[in-house]
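Just below sit the structures, each encoded as structure tokens.
The same chain A turns up in both complexes below, where it pairs with chain B and then with chain C.
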Partner chain A sequence: MSAQETQIRSDQDETLLSVDNLSVEFAVSDGRIQALRDVSLSIESGETLGIAGESGSGKSTLAYAIVRYLDNNAHVPEGSIEFKGRDLLEMLPAELRSVRGKQIAHVAQNASRALNPSMRIGKQIRETIELHQDVSGEEAQNRVHEVLDQVNIPDPLEVAKRYPNELSGGQQQRALIATGLACDPDLLILDEPTTGLDVTTQAKLLDLIEELKGESDAGILLITHNLSAIAQIADRVNILYAGEMMEKGPVDEVFTEPANPYTQALLATTPEIDSQKDLRAIPGQIPELGSIPDGCIFADRCAFVTEECRSGQIDMESPTPGHQTRCQRWETAVEDPIKSGTKTARTSSPGDVILEADDVHKHYDEGGFVQNLVRDHKPVQAVQGVNLQIREGETVGLVGESGCGKSTLGRTFLRLHDPTSGSIKYRGTDIASLSKSEMKEFRSECQIIFQDPDASLNPRKTVKRIIARPMEMFTDLDEDERNARVDELLDQVNLSGDLKTKFPHALSGGQQQRVAIARAFAANPSLVVLDEPVSSLDVSVQASILNLLDDLRDEYNTSYLLISHDMGVIENICDRLAVMYLGNVIEEGPLTEVFTPPYHPYTRSLLSSIPSLDPHEDDTRIRLEGDVPSARDPPSGCSFHTRCPQKIGDVCETDEPKLETVEQTSNGQQTHCIACHLDDPEMSKPLDEPAENL
Partner chain B sequence: MSTEDTTTVGSFQLPSIVPRLLSNRKILVGLTVLLPIIVITALGESITPYDPLQTHVADKYAAPGGQYLLGTDNLGRDILSRLITGGQSSLLLGFGATAVSMSAGVPIGLSAGYLKGRVDEVLMRLMDIMMSVPVLLLGILILVALSSNIVNVILAIGIVYVPRIARVTRSATLAVSEEPYVMAAKARGESTSHILFKEIMPNVMAPIVVEGSIRVGYAIMIGTSLSFLGLGAGPPHADWGYMIATARLHIYQTPWFLLWPSLALLVTIMAINILGDGLRDVLDPRAMEGEL
Partner chain C sequence: MNYLYLGKRLVIAFLSLLVVSSVVFAMTMALPGSAAEIILGTQQTEQSVQQVREEMGLDRPLSERYVDFVIGVFTLDFGDSLISDQPVTEMLIPRLIRTLQLAVVAMLLSIVLAIPMGVIAAAKRDTLSDTAITNVSYVGVSLPSFVSASLLLLFFTTGPLGIFPSGGYEPLSEGFIPWVRHLALPAIALNFVVFAYVLRQTRSSMIETLESDYIRTARLKGLAERSVLARHALRNGLLPTVTVLAINFGWMMGSVVIVEEIFSYPGMGRLIVQAIAERDLPVIQAGILVPTAAFVFANLLADVVYTVLDPRIELGEK
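And then the complex of A and B:
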């Protein structure tokens, strides 16, 4: 431990949790994995500490180690975890049980799995209370309602009676946090609380955590790979990489003047709105932790690496008091990550219309004959009358919260589903009327890339067979030519040729997505539907995949339909943007027009939900009330009226607004359309003062 | 994996799969037990010490050891000889019937699970109807309609188990057919049969192989019941099931009479199950590294 750290410690005797030189190893069949090495951290009461890092860096292992939930094959060779002066590692099981849940609450990742599906929400929260506190049934019940109210769940009495599957993702996460809060813990560990949630839900959840911070003096340990969440909430941040702390310090300092190349690299991979920054991926992968090489663990991926980084022990150094970095070259290895290289705007001249949707509707679950006879069965109206054009060489973004019909529309475009009504024209011909050979051509021209790369590759086929298959179907290439083309494609997606004989499970997520991209481009498509292509990947990998898609687009002159809920991703790559809400396109136009006023109120709130990497940014955000209504029973009139912060009045509830042109470029091709009853000035004015009609 | 993994696009990688199969302990154990059984029963009458049908009235109920290695039955027939020849029809029945039910059940389950909707309804309701009739009764009905010989017995038992295989296949297919790689195949314009047999089937083989290996045992037992009822390979023809059925009556005097065929049946079925487990593991590429 460095002298300074000891200094800091003695200054503040309020330390709630202090982890010192903790190492964790896992015994595996061929040796051991050193998952955490020499990790130290401390949290004081009332403080929020953020822990960030790529997946595989040991964030969750650290959280589990603190509550001693580690698996049986785990072993702690050294270190101590002191909670209020007592070493958790030396506690007896009974003592430990009295601390867990009561004084330290661990809120697990993935709320939909962490809640017991067969137990009512209220019961689950009550269990914790009754276990740790000697209270009467009624008091416990009241406490349940109290904590549910504390996490801003509307109508706690009602929600307590529901089962987890009856809640939305955001509410499940809130209920889980409520379980953690039930006994008023001194330390709250939040493991990836926002992962897998929509931006709008995510923003509200971050608000909640901020609110909780203000209300109680509990320490919060926030573990996330989402740097913007940390920028918004945490007081201090620790950056973890491959089981080692790379940098620690106050959020302001670490985000504005990162002193570690890894932190800089992480910041540079995170897309941001309006910053026009050129995303840079971190090359390589997180190392296997079977044997730890000499020197800096990040050396292989570091942009500033020198020979001396690869040998000896790298110690923590302190640029300023309270700010430490595990880099011996921190003084010279500096880059400004927030204003890193800017991107040159794409100058595209859209060609002919490739695909055109005309009043497309898609309904699901229309019910059988009997269902409709017995009761008024309502189908899920996933897409309700969408008109959209995609031109040659153009990238159209499709954004919206989950459940708004983006993916359904994308799949209907490729005729993976048949539209309920309306037509989709491919180069002028309705795809419903294509002959068999025309259909084959359509299939070879239009490809799709999915969100989860692991699931989109057949686990029983080698990489080579996967990539060669479209060529077998659509081209006359013989086997040698196909092999040559597979090599060429692998090279284009920056994969080594050695991977050809591998099965998908042997590849990392990023590599799998590259294989999926190679497969999509194997038959020279003219349109590729990208269905959330990066949202299941690590930030460090996201950037490289986006850059790859960007390069391939230029090389093949391909059009993209990019479906995403992440405005940062959209901004990085799209030319034109369509915003969807409950099956309708509510705003459409060139990217820059959509991102500047006038805005549809929904677009405005989506844009303002995006957390920023800048810890000082003013928080003047718009929060949407509630969740997306059910597509089985969409609201009348403008479907957004139930949540709209700028609702005018009855007209919104009765009349459905049409897409109307608000701006037009000189050539008349690129128009900006918005479907809203508000007039131009109202959609443009800043929302500093709350709308009067709220 | 072995280095022989050269260019084998589209075809099954025979050179590399053999060492992989043999490196699995379960497969090794299963084969070590099963192969001798198969070889011995296949050799049949050419290695039996006595004629399995010949009665030695003077030596009936002979104890194991001595002149008759495993003893004799109530009519003085050599049990070892009967065991060896009886294995022929039992094994043939077990594997044959399972092959029949797989070859019909797997395609039915795949189509129902992937095509869904009306196809699923029609196929599955048909299967339900078949399943609602007790297995033995259905077997008897089929055998009454056909004539009672070994081929028809195999066919009958095979048909009886089609719904079970179809059900298992369907439920596995339902999950797999929603996977994006199936969607990707569809987006590529693959034919339905390619999607069913090339994309989906390899990924649902694990539960089917396990189900199949269990079915082999059950098929032998159903065969036993049928021959007990006089619909299988009837007396004096040897058959493990038939042997168990007769031995039942003499359980107090000569327990070994019951013991040997039961033991043979037990060991065979267990070996097949272990083999099935091992096959399931090896056929899954994800499990490969752990084994090696």
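And then the complex of A and C:
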């Protein structure tokens, strides 16, 4: 096809990108992995297509296949990828290079690693422009500033001169998107653009993508496991599972009336704020793609499965025009969809205080003698005077953006750090004064579960030895008793006994976290600190882990301190909640009270940053300006005043507000406290009604 | 750049020099025999030895000699040779210059050869050229310098390939060709010591760099592979090589002694060997201290170069 013809065809408003019956295989030592099978999709100019699915479903492989950036062991047995009428799979390397970056921009996930650390931001953007466009140096420079401005980076001239490590995570992601926008591409592929960012940053980034959508007529391919992001931004959604398209259709339809059991299961497993949703985990896990079973690929995990599902080829069916589902039983699924249950409120009333923090401060990097002598060295003030109590059988949530000091506080509670000042009492005794044997007992009673189980489990020990270790250290059980207990624990965390002899690397992320949980419970702890226990896990696995933690708590009457940046997770299992900002607790109270007015302005913005699964929801959300200030040099007065949308005036800059009780329960035990200078009516406005001072 | 930190590093460098000089002083004091005995040879009597010792100042109290020595180190005055009565600095400087010429040429050889070969091996990973280069470097690693030096001497100074002189030195002022002819073989032999390590380090760090996310970003911008390599990979991939070069420089100085001896190259190495045989204490002391100082400052320089190459690293930050 000549270039002229191509021009004519694209003028006729035809499909921008059309992937047809694409399959991708990877050759591995013991055969091949069929990563994508018979995948078709299309994007028109100006349209946003969301692709969702668990990890391992082939989303990123699809994105890389479109830009033809697959590993050397990849092979495309069939299919075509037509971009503006030309098959990308047929292109010569030189042609391909002229498309990449110019017409198709791929914005990778994890911006901090996708930007060259030793090149200034401006130069990285400019490079793309100079490569594809015949422009003068000055024009290129102007374009750099223009795209940086387009992605809402304040002070583009300054930022262009910086190196990636000098930007915050959100700004790095914006700069990477700017690189993609530099040549005004026809197709913009965004691969997990919000993953790994704070909720507040995520919300602003989603706003940006929405804004870009309005400004240009580029097609956007948004790849994410975050269904809420798709609900907010995309026009159409394709659900991918184990390398096959399960459902395709307009976002409105797919999210409100999903016609595929997998889509229904995904929606039921996604936490939502304010919905009292009892998360429903998807049983089983995504299959290995070495050999593809006959019939429906989702059959093993499906709630609607029948014998017929397990044989023959399952084709796409159309419930409505433009809406397709790969399910024979979609009519049943639509009639009686998988719904998450409604949460029943916990009735158990908390017991005595077991752990109590009294005016705890923790400073890092206080500088050496010379540093303090020569210049005014400022320590990192990670925790600045926190009072917090945890009662028996109670789950306390600790929430805030990254860098707010929540993990430091959690570790200080367990004396993994010593506090700089203040005290922590365990059942009335200051843990700093514990003797060696008392300390051992404290260690056995207070356990911790970390975010990344892959890094926290010893890679050279079997599952059995990992779980048995605390029993060896803290209990008098003999070997047979320990073995019996390991079996019991594996059963309690729903792991098969076969895994006992396996090493951690042979397990999936969810299984590893279950092992970490079994280990933590091995010595019957009375308190477990959960430091972001599910944030590295897939959403379908998250739900099952949260449900497991919920069950174990009731069984062992354990207290939890749950550290998380995810309000959805917090809402799911916490009784009480403390919101932290720059080392201070700024709001604390029973979960239901914190989630309803009156709100601290920071809590209000955190809550409203959470995107909803409802594509029709009105967007009256509050966006915080800028990033969290440095903990080396926290703002005077109320530390939130630099970003507060409801700041009153000078008083916020000069006086530090104290935590004051705004509500009290009848027994006087549970109070709702807020540290803010605002008066009650001002803090009591409902979420969707913007405050006056905005 | 953090000047405070740089100052601190300089102070530490001088402190380590002080420590090394004390160790060197103690070691030379512990050497059995003395220059006086060596000079007098078989004709020595107790009286004559005593007399010569007094002339040489070897009878002064240790503490006094130590203080003199340390002051000497920091004023670059190591006293006079016990044997030839020449000031040590005067003896040392021309030889130091010769050895540095040798070391620098050897180092440049490995930079010019090993780094590009490592880069090629990484860029063409798992191809024939990679396998060939990697295997050559295996041979290099397993060949000790005295073997490679002897082999070079054997093949290129006699017989049909005998195009190089078997030893000695010609200053550059005598012309470029004679200078190179005398320098070539010892430099190649010395280069063997570090070549393989530099190559392997370059290859592995380049491979790691080429697999990083930002290289993928560069390729997906539409850049051709050559530009990806030149603009994005080299700078990041060569960082670890800078450190290896600095460490190897010190290591190479250790092999200088052997190589100079084999090629009769009149440099520091031969001077030290000779001085030890003659118990010429000031020469030994200076001969050990000067390369040590070179090593300490080479590493400091590497750290500074590092910060220039990689903006993320700031001297003094943890």
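Just so it is clear, the second predicted complex is superposed on the first by the 666 of 694 C-alpha atoms of A that agree within 3 Å, B and C clash if a C-alpha of one lies under 4 Å from a C-alpha of the other, contacts with A are read in each partner's own complex, and residues count from 1 in each chain.
As a convention for this text, a contact is a pair of C-beta atoms (placed from the backbone, for glycine too) under 8 Å apart; a residue touches a chain by one contact, two chains touch by 3 or more.
Since this is a predicted model, take the numbers as computed values, not measurements.
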Touched partner set for A:L457, first chain B, second chain C, both or neither: first
Partner chain(s) touched by A:A108 [first = chain B, second = chain C, both, neither]: second
Touched partner set for A:K658, first chain B, second chain C, both or neither: neither
Chain B and chain C footprints on chain A, overlapping residues: none
In the complex, chain B residues that touch chain A: 5, 7, 9-10, 179-181, 183-190, 199, 202-203, 285-286, 288-290
Chain A-touching residues of chain C, taken from the complex the two chains share: 4, 8, 212-214, 216-224, 231-232, 235-236, 309-312, 318
Complex contact set, residues of chain A against chain C: 67, 69, 97-102, 105-106, 108, 110, 113-119, 127-128, 131-132, 163, 165, 176, 179, 365, 370, 374-375
In the complex with chain B, residue positions of chain A that touch it: 29, 411, 414, 416, 439-440, 442-444, 446-448, 450-452, 455-460, 464-465, 468-470, 473, 479, 482-483, 501, 503, 505-506, 516, 519
